[in-house]
Amino acid sequence: MSSCTAKLLLHCPDRPGILSEITNFITVNKGNIVYLDQYVDHTENIFYMRIEWDLEAFQIPRDKITEYINTLYAKKYNISYRLYFSDQIPRMAIFVSKMPHCLYDMLARYATNEWKCEIPLIISNHPDLKHVADRFDIPYYCFPISKENHEEQEANEMELLKKNKIDFIVLARYMQIISNKMIEEYPNKIINIHHSFLPAFVGARPYHAAFKRGVKIIGATSHYVTEDLDAGPIIEQDVARITHKDTIEAIINKGKDLEKIVLSRAVQKHIARKILTFNNKTVIFT
Amino acid sequence: MSSCTAKLLLHCPDRPGILSEITNFITVNKGNIVYLDQYVDHTENIFYMRIEWDLEAFQIPRDKITEYINTLYAKKYNISYRLYFSDQIPRMAIFVSKMPHCLYDMLARYATNEWKCEIPLIISNHPDLKHVADRFDIPYYCFPISKENHEEQEANEMELLKKNKIDFIVLARYMQIISNKMIEEYPNKIINIHHSFLPAFVGARPYHAAFKRGVKIIGATSHYVTEDLDAGPIIEQDVARITHKDTIEAIINKGKDLEKIVLSRAVQKHIARKILTFNNKTVIFT
Amino acid sequence: MSSCTAKLLLHCPDRPGILSEITNFITVNKGNIVYLDQYVDHTENIFYMRIEWDLEAFQIPRDKITEYINTLYAKKYNISYRLYFSDQIPRMAIFVSKMPHCLYDMLARYATNEWKCEIPLIISNHPDLKHVADRFDIPYYCFPISKENHEEQEANEMELLKKNKIDFIVLARYMQIISNKMIEEYPNKIINIHHSFLPAFVGARPYHAAFKRGVKIIGATSHYVTEDLDAGPIIEQDVARITHKDTIEAIINKGKDLEKIVLSRAVQKHIARKILTFNNKTVIFT
Amino acid sequence: MSSCTAKLLLHCPDRPGILSEITNFITVNKGNIVYLDQYVDHTENIFYMRIEWDLEAFQIPRDKITEYINTLYAKKYNISYRLYFSDQIPRMAIFVSKMPHCLYDMLARYATNEWKCEIPLIISNHPDLKHVADRFDIPYYCFPISKENHEEQEANEMELLKKNKIDFIVLARYMQIISNKMIEEYPNKIINIHHSFLPAFVGARPYHAAFKRGVKIIGATSHYVTEDLDAGPIIEQDVARITHKDTIEAIINKGKDLEKIVLSRAVQKHIARKILTFNNKTVIFT
């Protein structure tokens, strides 16, 4: 699979024939299907599909594929879709504050080519993690944020993101609320890690809340950021067992490993174009 | 360890010497310590201990042990404790409504002597599960409950519990609120299973809420019942992974296995006298 | 979906068009596809599919479907397949020896209609669990087995299985080797539960071996029985964490819960016709 | 707990009084016990204990503690023990070959002071990971190893280890056999990560073996290195679920996260002096 592939993610009301038509369209035009996963939500009657095919012998030029899909299927089946090409390397911006564990984990994956993406810059509201960025030779921009300058600084950040053609943002324990304006600019393209098993312990200091409640399992949740705090579509969750012997410090330490793994799994799926969102939920193709 | 053992569970403000004194007290009086687990909460400065010793050669008569502890240590160290003897078989009442999976799991353990307890009776607000009780030859009492007769029926239930010398109650998917009166009668002696990863999805229909929220992991929680709904000390939790493909029915089915295992683990620990409660949390000795 | 459905499980060398052709065949003949899962093993170049469709309006009579598939696709694509109908309720025989935990778990699911199957009989080499069968009103046949009579008794068992039209067998901690003759009669239709995380601790007394080795996690594995002991296609596995504090008895008790859940999950998938086997591995459709 | 503490790990044949005596010894000499965990293996009749106390007011000089323990208890109770002080920062050498994921994870923890240790050097048989060491400013020594020079190069390594006063070694996916000579020099002080759920898939290419066997769960195991390959005392294990859809590459990628987390958990426990080894098993204090 050295040549370029197209990845089509779509959903539409379920109707007989849709799967055949799409697969036929690709096969007839000499596209070699290398991946197909589909799923029907029979409760909501929605058809979801992810299909990937080799473009080497594909008879439709890649810049015309959208046109064909629109003309032939999109209206007919009321399809919503996204089309990606494997040679479009997504460009990620990482936002951090003061905690480095998720940042280190992501940069290690990046540095070892585990992820097929570019990380042109890291943004922070604090200077604390500049030395980490330096170690990996990634530009680090510091935008200190106060109540007064929040709007202005976010505008500066967004300008920088635009200039760097950023496709999506990862909040790697970034301790600032993202404004609706930025969220609208990056719909389902801002990934956050929340250090609890959502929807338990929404908001600040979830480990302290978990400790106080006496839970026997803690968790971490990565999700797309929406206007409602900690309420966006969940991408990935995981948990770790604790006991009465675990102090707050022990819980926070166990949590760090959860956070970094859960966040990185979500980012990996996003980069691989494996995620569809609908109705504030995710469909994760395997 | 065929002879009788004493099990002492205690907590008190942590002070040097307490552990030595208690273990010395037992050793000097020729009690053979067969189990000891202790733990200091350095944040709250509380000392917790569970100690079990063989009574065969113990020189203090078992009915005098309480007196000795009170005189020698309880005041001095401000100790709260419970003392059990291994030949006191705890008597459990099971409350059910219409769902049998937890009931079957518990009765199978009981029938195979996995649990060292007696189950003199099963109480329900519905007749539906009588045939299950019949299969295991356990008396089944049905107290249909309405808004009007709730208080009266609970009084009848409590009379029955007293008559049968019930030590503790297990709510095996019992779909009625327990009154404060009954809770006071059985403090930290009523075990409930809630079909969510508490504190997420408190209250009714948690699986539906989990499905709607789009979580990637579901859970079950067993806890002691207190006056606050689903907010008592957590004994045990476990989780299962779900995907977007899981329908409500699939989630409910996966949940059933979680519920029965989590509830049975909690009951097992309660029977084995492994649980201390303090500050709305549990200390689970291993 | 109250009417009958057909379930087709197939695998064949991957070739373009196979998916379209099959889905077209069903759609064109007015079958309503209610489930489709497919997967291509690109290493071995094998296409796997499970497809289920409603027969209500399907224009090909159900007893002709096999003929059509054979004529149209089986040779052309070199397809191996199994076809099931949802109104064919599979008939299961349970084999047990002396340990009842898996048996109870299975019978509870059966009694509560969690499983769409029939259990016409239980077979054992010991009389010990007859009372369990009696509780659930299921005939219990005891065939004591010695070195001398092994062949003869198995012949008797197989006659009984035939007479009862048994479709598949579940070894619920049955402590006898199944002969190749019986395995050939029920290929990929005998499900065993092994009380270890295979391929670790093949053979007898795996918990003792796990204890001796000092592992920190124990497991259970359900698999189809083949001629090689504990080496058949794995259906399901799960694990539980242990510590140095767990005695052999504690490990065995934790293991029991693993075994029953892992076995029941495997049986459930088998009943739902979700499993394809190939190359001594299973493909589990979701 | 800002002052120095002593950590005593011991095991001996279980006899009444040992716990009281040790705790008394510390308390009477004005040591404030900040941690105690003990456990009796009733099968083997061994007593295990880890006890930590503040030295601030302790009346025995720290360089005399060993003498006291030897004189008062070691012979009397046949105690084997290790004594550590919290201000002795253990010095770790990391051995790597070509895979960087465990190395990055460890260095990130080191750089963020998650671990109380020194890492004076990294040793490898290949130059490939020098740039990683450079990023974290840690000296990197390359000793290319062939059949012919194995003994000589190991001698060079050991000289370097001595010169750097290395206390323990972590093999972070180091693909060379360690000689018995080096193992004897660092008994229970060389931690390896094996990329399987031991004892399944001992030896080379365990992921390929797991893929071929068709397991549904993969694992990783960290253990102390002994003369028997992959057979030393297990410190930590963890697992991840896979399906038939996971290719070898996918399994290897999932495995990497397992390996790094499992290895780091083991290292963390070793650094915190939480591990006792006996009979080729570990006792892990909590």
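Here the chain labels run A, B, C and D in written order, and each chain numbers its own residues starting at 1.
One rule holds in what follows: contacts are C-beta pairs under 8 Å (C-beta built on N, C-alpha and C of every residue); 3 or more make two chains touch, one makes a residue touch a chain.
Just so it is clear, the model here is predicted, and its values are computed rather than measured.
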{"item": "Label of the chain whose CA centroid is most distant from the centroid of chain A", "value": "B"}
{"item": "Of A-B and A-D, pair with higher C-beta contact tally", "value": "A-B"}
{"item": "Mean-CA-position distance for chain D and chain A (Å)", "value": "36"}
{"item": "Chain centre separation in whole Å, for chain B relative to chain A (CA means)", "value": "42"}
{"item": "Junction residues of chain C, two or more chains touched", "value": "42, 243, 245"}
{"item": "Chain D to chain B touching residues, read off their complex", "value": "16-17, 19-20, 23-24, 27, 32-36, 38, 40, 42, 241"}
{"item": "Partner chain B, residues of chain C touching it in the complex", "value": "100-101, 104-105, 108, 111-112, 114, 132, 135-136, 243, 245, 253, 256-257, 261, 264, 286"}
{"item": "Footprint of chain C on chain D - complex, ascending", "value": "39, 41-43, 197-201, 213-217, 219, 233-239, 243-245, 247-248, 280-284"}
